[in-house]
Each structure stands twice: as structure tokens, then as C-alpha cells.
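So, here's a batch of structures to check.
In the two complexes that follow, chain A is the common piece, with chain B as its partner first and chain C second.
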Partner chain A sequence: MKKNLQKFYSIFRISFQQEFAYKLSFFLWRFRNVMQIFLVFFLWSAIFSNPSTEFFGYDRDKILTYVFGILIIKALVLSARAVDVASEVASGDLNNSLVKPINIFKYWFARDISSKALNIIFAIGETIILFIILRPPLFLQTNPFYLLAFILSIGIALLLFFFILFITSAVPFWMPEAAWGSQFLFIVVVVEFLSGSIFPLDIFPAALQKILYLLPFPYLIFFPLQTYLGSLSILSVLKGLGIGIFWCGALYLSMKKVWDKGLKAYQAYGR
Partner chain B sequence: MEKAIIVDHLVKDFEVTVKKPGIKGAISTIFSPQKTSIHALKSISFTIQKGELVGFIGPNGAGKTTTLKTLSGLLYPTSGFTQVLDYDPWDKNPEFLKQISLVMGQKNQLWWDLPAIETFELNRVIYGLNKKQFVQNLEELVTLLDLGKILNIPVRRLSLGQRMRLELVAALLYKPKVLFLDEPTIGLDLIAQQKIRDFIYEYNKKNEATILLTSHNMDDLVDLARRVIVIDKGKLIFDGVLEELVNRYAKEKLIKIYLTQSVNVEDFRKIGKVKKYAYPQVYLSVPRSTVAVAAAEILQDFPVGDLNIEEIPIEEIVRKVFSR
Partner chain C sequence: MKKITTRLKFYLKIWWMMSKNAFLIWLSQGKLLAFFLLGKIVRFVIFIGFLIYLLKTTNGLVGYTPNQVIFFFLTFNLVDIVSQFLFRYVYSFRQLVVSGDFDLVLTKPFSPLFRSLMGGADLIDLITIPPLIGLLYYYSTLLNPSASSVLLYLFLLVCSFIISAALHIITLSLGIITLEVDHTIMIFRDFLSLGRLPVGIYKQPLQVLITYLVPIGIMITFPVRGFIGSLPVYLVLISVIFAAGLLFGSLKFWQYALKRYSSASS
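Right after this comes the complex of A and B.
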């Protein structure tokens, strides 16, 4: 146990330093994030320029809280170093971790956590700056049930995203040239779109929402945020957590299976 | 003697997609990918004893690296049996991985943007060394490889030779018992090559480590390996001591002559094959069996200042082996 923690800390530390090696590009990337928020903020502000406007049950205040909530939750859930795994598989750089006495999943999870820690520090800073500039209405949840459920749902979301990433990262075992494509299609298009990180999912027709809620994607962003905002009944929260945990298990097992097969097909490119 | 490595009828096939040339080819690959099987290893067998240092020779694509990767558990054998230190490499048992190391001249494990000491510290924890062992091993390696001043400089700012030596440190910090070295001297200048060679020799002696080394650099093999395994096109074609390879394939010897006076080259052609003629030097290649007679004849009939009888350079022998 102590050994494992030590390993975790060492990987966390070196990964953190590595993220910081290119300071300029890191800051530029964060800057882009902030600009994106501005864009979304002003877009929704314009749509809701008349204070009495309401779309799909969202008024101006609610939608703006949503936008800010997404900033933080995305920084937590969707920032993952494991996006590099696909290209490591394709290039053969994975060799380095495979010949070491470490569990590859744990290794990348430690790196993920490190990347998330860095991101959350910046996301909070950015939120404070944006808050001062834009003065949006910010909702503070005080109900302990919702707070606890929120923390749990974030934990589930982290794992879900990690498993999804590792499953898509296995594609280049068979199609090394598809490393970037599979990642882009899945992470950027499917995940961002269906997780609610671009717009709230409840603007979809009810029937579609029902199907969506059975898939793992809403549990990445949308569900945790709704839980925090307290806009779901206690029963729906519990049900959501249940489905999230179910998907964690299912995706974990699939990931293991896919990687077992993938490693056998692995060609360990490069000399 | 105990066996460190056992390879028995090892076969490895790769599935690869064939791409026809040009844009048209690229598009047709998307819609109807054609797969072919490449037979990288066609039933290879050998065993290596504990503490042995064995050189692995073969042209590009012969299957050397594939063998090393299979033995370190990266590749799943298509068929056949492999065992390293009583483990099946594929199982990637942590206890097994703690005792082996794979060093690839063209793939690095050092964290590119950070000083090498950070990678070492990470490896210390991963391989479960305590601080005292770590400092001791590190100091030993750093002194042997003459690296003291560069441990704290970001890796990307170092030269290839410095990086390669640091790679060796990262790979040997935990004193692995089996070492797979893939082209450890590739791209290095002569001095750096020599440093690495001396080091490998020392490491093998001192730690009784089993080392399997591939190289295109014949000096590596002549200096280091008594035993060599030659593979070509996925097949093993020779396994034995280096001298035996020389005896088997070098049917000739080389006579190096320094003349005191210029002579007609044609006269040498009667004795042996003229390899080189650039006054005052003449290189003659002569069948092994008649070398003494030839030398005597030369000394008698020509204005010779100096005469040497040498083995054909190993590069040439290997070229001969592969061009059969």
C-alpha cells in the first residue's frame, strides 16, 4: 500500500513537472479556454437578452450558471493525460511503460490525476477572474446530500472518461494510422456533444433524453452539474449514480478485454 | 550451468496493411485494406547461459529486434516457446520485469523536457530501490560513464552521446540480471562508442549479467562478444564463437605488404587476389592453406620493407555470409 502510494506520488510529480515544461503553450491553451467561455457567455447573453426569455426551462441566470459549471467540471473530467496513449500505441512509445514493473492503467491514471490537479488550479483562477469581469449569478449548493452526490458523481465521471479513453486508445493496436482519427471522432465529437459540455442535454426531445440517460456520456458532465445545481430529484440522483456505477464496471471490464487482445496484436513499432 | 534464456522454435508473424503508391493507393487502402502476413521469425531456437554476453548479427529486417522485443515481453509470440530467468516474458510478471532491461538505441525512456535525475528518481520508486542502494548504484554508473555534470540539465539539451549514456544509467539503476541492448552505439562517434563498449564489458563482468546485444557495428561484437548468433530473414544461420564464424566463412587471409620499390602489380596477381594497390602498400588475399608459402615467395621475389598476415576484417566476413 505504502509502496503504491509512493509510486503514485512519483508519477504524479514528474508528470506535473512535464506539463509545466512548456509554459507558454500551456498559458496560450488556458487563454483559449477563457476566450471560449467568453464566446459562449456572450452568445447565450445575446439569446437571452430579454430577461423574460426562457428556452427549455432555462432562463438567463440558469444558463450562465451552467456555462460556468461546465468550465470547472470540464477541467476536472475531460482534462486527461491519457489522451496521449493512442499515439503511444501507434508509435511504439508504449514499449517504455510495458517493460517496467508498473500497471499501465494505474500509471496513466496517476498521470491523469496530475494533469487534472494542474487544470483545476487554473480553472478556479480563471473562474474567479471571469466572475469579477462578468458578474454572472453563481449558485452555491448547501444541501449536504447534493454535495455528497456531486462529489461521488465526479469520481464516477473521472473513471468513466478514463475507461472510454483507454478503449478508444486501443484502436491503433490494429490500425496504427487511426490513432488521431479515432481519438478525435470519439472524444471531441461524441463525448463533447453527448456529455452536455456544449449545450444542456435537456433541450433534446424527451424520448431522446431517455435513451441518452442510459448511455455513459451524460454522466461525464451533464449529470454531475445537474446534481450540483440540485435540479434533479433525490430519486433521479440515486438512479443516475447507479447507472454511472454500472457503466464504470462495464467499461472497466471491456477496457481490460480490449487491451488484453490489443497487446497481443501490438507490434511494438520502432526499434 | 544455469540457462538464463531459452528460445525454442519461436515464430512471429506480423499482420500489415499494404498501401499502394500515391493518393489513389491511399484512398483504396481505406476502402479495401489488403493485409499480408510478414514472417519476421521463422522458428528460431537458441539458449543462453547465465552471465554470457552474446552478439546478435543480421542485416536490417532480419528479426533481431523482434527477438529482443519478444524476450522482453512486448510481443506475443505466434508460436514457440520462450523463457527468460524461468519466467514466460509475455506474462509481464513484475518480479521478472524488475530483473530485465531493454535498451533501444532509438527509443528513449528519459523524460525529454526534464533533467535525467527526475527519470532516475521515478525509476528508483518503480523498481523499489531504497535511497541508499539508489545513491550507491547511481554514483557507480555516473562515475563509470563520466556523467557527473549533466544530471541536472533537461534531456532535450544534451547531445546524442550524452543521452545514450544516460539511457544506460536509467536502464541499469536497478542492476538487471538480463540486459537486451538494441544498437547501443548507433549514431555515436568513435570515442562515445568506445566508452559504451567498455562500460558494457565492465557491467557484464562485475554483475555476471546476461547480455544479448544487437549491433551493426562490428567493433562492438569483436570487442564484446565471444559468442555470436547470426540471423537472416528470420532464420538462424550461425550460432557459435566468433572465431569459428571467421574460420568457417573466411577461407582466406590477408597479406599486407609495404614495398621499398615500385613493382608491376601483375606480378602479385600470380600469388593471390590483389585487394588494394597504392604504392607503397599492397593488400593481397590468399587462401588460408597457402598463406605461408605465399609469404615466403613474396619475401624472396619482391622488394619488401614490411609484411603482415592478418585475418579478413569481420565486416567483410559478415557481408559474405549474408550475400550467399
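Right after this comes the complex of A and C.
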């Protein structure tokens, strides 16, 4: 057990150092994240220019907290080194991982955690700077139930994104040329919109929301943020956590199955 | 004059050859093409759907009517997509420099800038341009423009494309000096995406910054304001002077960067 932990700590440490090897790239990547917040922040800020305005059940404080929350939660949930897995499958570099005496999922999860640790440190710094510049009115949650549920929902979100990423990364087993294409469609487009990282999902008509909440994507960004904001009843929070856990189980099994099949189809093209 | 025409024909022929090759590469990867095309369409449809739904509730944004805001969004898409269509090759420029293969471009009997900037048009963007123009036409008719407004809009769009070309040239030049292209171009696109909506939504000093320093306002807000008849003449002049000045400056910067190309790795 101790040996196992040491192994993953080493991966974590090396991966953390690797992020610093390309300082400019990392800096520019974080800069882009901040840029993306600007459009969303000012769009909502313009809509809620009158502080007493209320749209879709949101007031100015809550919507701007939501926007700032996106920056932090995206850094935690959506930053992952496992985005490289698809290209490793496509290029045949996956061989290197397969011959190592380590479980490939655990290896990449350890790398993801190191990436998230670094990103969250920067995201907190950026949030403080943006807070000083933009001076938005923020909503602070003090209810212990919601805070605890928020932490739990973040844990679920981390696992969900990891499983979604690995399932998407399996596409190149059968279509090596589609490595980046599948990531673009599922991770960049579908996850970005359906997770609520551009706009809150509860602004949509009730019928559409009901369908969306049955999918795993809202439990990546939208649900944790709603939990933090205390916008949901205790029962709804528990129900949401239940659905999130269900999706974790379902996606974990799907990932294992898809990868088992994928590895049998894998021909190490390019190697 | 005849010499210029011959030269133009020569470059047009090269562009067509390079674009044809780029299209053939895309067509040989049908599944990849399908993923990207679907992704782009889904992203566009969701965002415009969200915007229409939002504007129906708020009944406009910073003094613009819902149809005008949609027109801003469509104009942003036109500038963005046409720029990507024409200048897609910039995205693969880093590899040329890092590997030293840029040497081969330099030895060819035509402009290395032309090759680096327009070395292969993007088929996906070409496919999405006609429906986008159709949507622009539909929303433009809802705004009842005069003939002069339409002409002014088209003229200012030409300025936008010149500015876009200049910014891509600056990116290439920075690529030679710093070996960093990918993030620079993406940051440019992130800035450009701030123009999806009228720059009036941004607070000062960000508004001035993205109007003139990172000229998103000139590239997107000015043409639309010209179209709806709310652009003063002096801003049209600023747009022209800015486009010409930036193009001139970017060409000078390219010459400067070329002298610093080390041909490492070749």
C-alpha cells in the first residue's frame, strides 16, 4: 500500500515539474482561461446592470458569483493531462504506458491531480486579481450542509470528467485519425456547453432542463455551482449527488468495457 | 499594370494549388472532417440559440435591439471564419520553424510570407461560410439598411480582414522570434471572441483597449455600427488608417523577424 502510494506520489511530483518545463505555454493557457471569463462576466454584467433586476431566478450577485465560480471549478474539474491520451493512442505512444508496471487509469489520474493542483493555485490567484479589478458583488455560502455537498459534488465532477475523457480518448482505437476531432466535439463543444461553463443551464425551459439533468454533463460544473449558491433544496442536492454517483458508476463500467475492447483492437499505428 | 496582373495571377494559381492540396488532405480524412464540422455547427447553433433565447427575455443589450445583437454575433462569426479559412496555415507554422523546414520555404521563388500565411485554406470553414452568409443576409433584411449602409459595411469588413491579416503576420513573426505560435494565435482568437457582442458591454478601460489596442471594436463593432447607421465619419477614417498602419507595421515586423531566423534543426 505504502509502496503504491509512493509510486503515485512520484508520478504526481514529476508531472507537476513537467508543467513548469513549458512555463510560457502554461502562462498563456491560464491567460486564455481568464480571457474566456471576460465575455461571460460582462455579458451578464450588462444584462444585470440594474442591481434590482432579476432574470431566470438570478440576481446580480448570484450570476456574477456563478461566473467567478466557473473560473475556479473549471480549473479543478476540466484541467486534465489525460487530454493527451487520445493522441497517444493515435500515435502509438500508448505502448510506453502499456509496458509500465502501473495501471494506466491510475497513472493518468495521478497526472490529472497534479495538473489540477497547479491550475487551482493559479485560478485562485487570478480570481483574486480579477476580483480587485472588476469588484463584483459576490455571494458567500455559509451553510455547512451546502458547503459539504459542494465539496462532495466537486469530487464527483473530477471522477466524471476523467471517465468521460477516457471514453472519448478510446475513439482513436478504431479511428486513429479522429483523435483531436473527437476531443473537439465531445470535450470542447459538448462538455463546455452542457456542463454550464458558458451559461447556467436553469435559464432554459423546464422541459429541456429535465432532459439535461439526466445527462452526466451538468454534474461537472453547473450542479457544484448551484450547490454552492444554495439555489437547490436539500432534497434536490441529495438527488443530484445520487445521479452524479450513478453516472460515476455507469461511466466507470463503460470506460473499462470500451478500453478492454479498444486495447484488443489497438494496433500501435505509427510505431 | 500588366506586370501586376501577371503577378496576381501567379499568386492566385499558387494559392489554388496549395488550397487544393489542403482540401484533398481533409477529404482523405472523412471521419475527422465530420467530427470537426459537426462540432463547429453544434457550437454555433447552441450559442446563437442561447443568444436568441436570452435576448427574447431581456429585449436587447446595451441599447441595441435583439436583431442588431444577433447581427453583431453573425458578423463576428464571418470575420472569424473567413480569417481561419484564409490564414489556417498559420496554425502549423511553428512546426516549420522548429524543424528548420522553413528553409525550404525560403528557397522557393515566391514570397515566404505568402506561403506561411496562406499556405492552405481550410475546407471546414469553406463549408460553413455560405450558410453563415445566408443567415447574415436574413438578419440584415430585418434591419432595413440603406444601400450606402450596406456598402459601408462591406468596406469596413475589408478593413477588418486587412487587420486580421496583419495580426496573423505579427503572430508569424513572433513565431520566428519566440517559437511560440499556437497560444499566440489562440489568444488572438480569444480576444476576437470578445467581439461576439457589442463592445459597449465592456467597462472602461477594457472597452478602449479592445477597440483600439486589440482592435476587436474596429474589426467587428465598427462595421455593424456602419450598417445600422450609428458610426460617425471620423471612426470610418480611423478604421482605414488603423488597417493601413497595422498592415505596414506587420510587414516591417515580418522583415525584422526573418533576419532573426536561425534555421536551427535543419
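The definition used in the following text is that the second predicted complex is superposed on the first by the 269 of 271 C-alpha atoms of A that agree within 3 Å, B and C clash if a C-alpha of one lies under 4 Å from a C-alpha of the other, contacts with A are read in each partner's own complex, and residues count from 1 in each chain.
Convention: a contact is a pair of C-beta atoms (placed from the backbone, for glycine too) under 8 Å apart; a residue touches a chain by one contact, two chains touch by 3 or more.
Worth saying up front: this structure is predicted, and the values here are computed from it rather than measured.
*Asks:* Applying the document's definition of touch, where does A:N143 land relative to chain B and chain C: first, second, both, or neither?
*Replies:* In the superposed model, A:N143 contacts neither chain B nor chain C.
*Asks:* Which partner does A:N4 reach: the first (chain B), the second (chain C), both, or neither?
*Replies:* neither
*Asks:* With the two structures laid over each other on chain A, which partner does A:Q18 touch: chain B (first), chain C (second), both, or neither?
*Replies:* It touches chain B, and chain C stays clear.
*Asks:* Please work out whether A:G92 is in contact with chain B alone, chain C alone, both, or neither, and reply first, second, both or neither.
*Replies:* After superposition on chain A, A:G92 lies in contact with chain B alone.
*Asks:* Just to be sure I read the superposition right, which of the two partners does A:K100 touch: chain B = first, chain C = second, or both, or neither?
*Replies:* So A:K100 only meets chain B here.
*Asks:* Which partner does A:Q209 reach: the first (chain B), the second (chain C), both, or neither?
*Replies:* A:Q209 sits against neither chain B nor chain C.
*Asks:* Please report the chain A residues shared by its interface with chain B and its interface with chain C.
*Replies:* 175, 177
*Asks:* Can you list the chain B residues touching chain A in their complex?
*Replies:* 14-15, 17, 65, 69, 72-76, 92, 94-95, 97-98, 100-102, 104-109, 111, 113-114, 118-119, 121-123, 125-128, 154, 182-183
*Asks:* In their shared complex, at which residues does chain A touch chain B?
*Replies:* Chain A residues touching chain B: 3, 6-7, 10-11, 14, 17-18, 21-22, 92-93, 95-96, 98-102, 175, 177, 263-268, 270-271.
*Asks:* Provide the residue numbers of chain A that touch chain C in the complex, in ascending order.
*Replies:* By the definition above, chain A touches chain C via 24-25, 28-29, 31-32, 35-36, 38-39, 42-43, 45-47, 55-56, 134, 175, 177-178, 180-182, 184-185, 188-190, 193, 198-199, 203-204.
*Asks:* Can you name the residues of chain C that touch chain A in the complex?
*Replies:* Result: residues 29, 31-36, 38-39, 42-43, 46-47, 50, 53-54, 57-58, 61-62, 178, 180, 183-184, 186-187, 190-191, 193-194, 196-197, 200-203, 206 of chain C touch chain A.
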